[in-house]
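As written, the chain order gives the labels A, B, C, D and E, with residue 1 at the start of each chain.
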Amino acid sequence: MKIGKIVGTLVASQKEATLDGLRFQVLKNVSVDGTVKDDYVVAVDAVGAGLGEYVLYASGSSARQTVVTDKRPVDAVIMAIVDTWEVGGQVKYNKANGE
Amino acid sequence: MKIGKIVGTLVASQKEATLDGLRFQVLKNVSVDGTVKDDYVVAVDAVGAGLGEYVLYASGSSARQTVVTDKRPVDAVIMAIVDTWEVGGQVKYNKANGE
Amino acid sequence: MKIGKIVGTLVASQKEATLDGLRFQVLKNVSVDGTVKDDYVVAVDAVGAGLGEYVLYASGSSARQTVVTDKRPVDAVIMAIVDTWEVGGQVKYNKANGE
Amino acid sequence: MKIGKIVGTLVASQKEATLDGLRFQVLKNVSVDGTVKDDYVVAVDAVGAGLGEYVLYASGSSARQTVVTDKRPVDAVIMAIVDTWEVGGQVKYNKANGE
Amino acid sequence: MKIGKIVGTLVASQKEATLDGLRFQVLKNVSVDGTVKDDYVVAVDAVGAGLGEYVLYASGSSARQTVVTDKRPVDAVIMAIVDTWEVGGQVKYNKANGE
């Protein structure tokens, strides 16, 4: 999995029928030290995450292993909202403190 | 998923039989700020998208989760036509305005 | 899918038994404007393509969705021979004209 | 598979229900000569590995082929703790000696 | 598939139970002209390949389509030992001649 930050949303009214009702979030990838990078992915939200939140997303066939994405043409899913992560004993992000 | 812009088409008459009738679109990848990049993918169209449109495409096994691509040797599918997306509160693309 | 040009062949007599009889082609990747690049992939041929031809290949689990590759340890398959493709209204390749 | 070094942990309380009880480890990729690199992956731990250990992880659908990750939205799993590896007859890492 | 050269081995005693008895080989990627590169992958050996040999390996879910890797958390498998490959009519490698 990779860490992403939700920076926006995408709307598509004309789509494969099984996608109705899913929410597309625009994520920027986050490096392990907390830097928000320029490369992005559009992911379906399976956990009710909101703009600005740091999330964990899964790619590939694993993106279809949630209740909302099962058997749908979706290759990235937000499956967790990050509370905190640390590297080398240092907290790199803590949701409670904002960033 | 990634955002692509349909820039062309590809024709192949000699192919695996299950691919008959599918439409191959040539997509260029689009960055999150709306820039059309040089790298491309050839994707099957599952939603009736046309030249010049911005679309969402899924890759890998997820590309086979549409009605037209089921069980076919296809690793990229256009599964939605983008109406609009925004990043940081700014609209980056709006189909209603053209680009 | 990606466009490749068949530039060579690979022979392997000692292999997983299910691979007997499959033909391994060496492909170089082709950019969207028709340039042959240096990076390559070895793909199984499912359509009877020959040296010098431009083909479409699928990767990952989708490479197993042809008659000859079903349930085999193969992650790239040639599933179509390209007749022509165009970008921005310009023909980038036409098999009838050679390159 | 790739070699990673466990450099930290990630906590997420709000997540897809099937992820309850799984441990998310932050791995940095390790080059074949033993250098720890900056790029990372978040993987689920299937073998009880600890901070600072060198591990082998699998990606994609293969990450779901362990007892703890079966049918879960997980695209990277630690499936082995490395004892030693060697390249060209030279030991590049030996757990018994520390690094 | 990609061409790799077996440059070493990796030992892991503590691992997912289904991996018992599998042999982990360290491969360096080989370019199409025969150059051995620095990037690597750890692959399970399904064909009895030895140190120094040039092999073909498959990645992703296709890596589980061999007798020894079926349903195991393995994302790369050696499924063939290369005898020879040629590009543009030139032999780039011939096992019979050494390199």
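Everything below uses one rule, namely that a contact is a pair of C-beta atoms (placed from the backbone, for glycine too) under 8 Å apart; a residue touches a chain by one contact, two chains touch by 3 or more.
Here the structure is a predicted model, which means the values were calculated and not measured.
Between chain C and chain D, the least number of touching-chain steps is 2. Look at where the CA atoms of chain B average out and do the same for chain D: the two points lie 34 Å apart. Chain centres here are Cα means. That of chain A falls 21 Å from that of chain B.
Each of the following residues of chain A touches two or more other chains: 60-61, 63-64.
In terms of which chains touch, the assembly is arranged as a closed ring, every chain touching its two neighbours and no others. Traversing the ring of touching chains from chain D and stepping first to chain E, the chains occur in the order D, E, C, B, A. Chain C makes touch with chain E in their complex at residues 7-16, 18-19, 24, 26, 28, 38-43, 60-61, 63-64, 71-76.
On the chain A side of its complex with chain D, the touching residues are 1-3, 31-32, 46-48, 56, 58-67, 69, 77, 79-88, 92.
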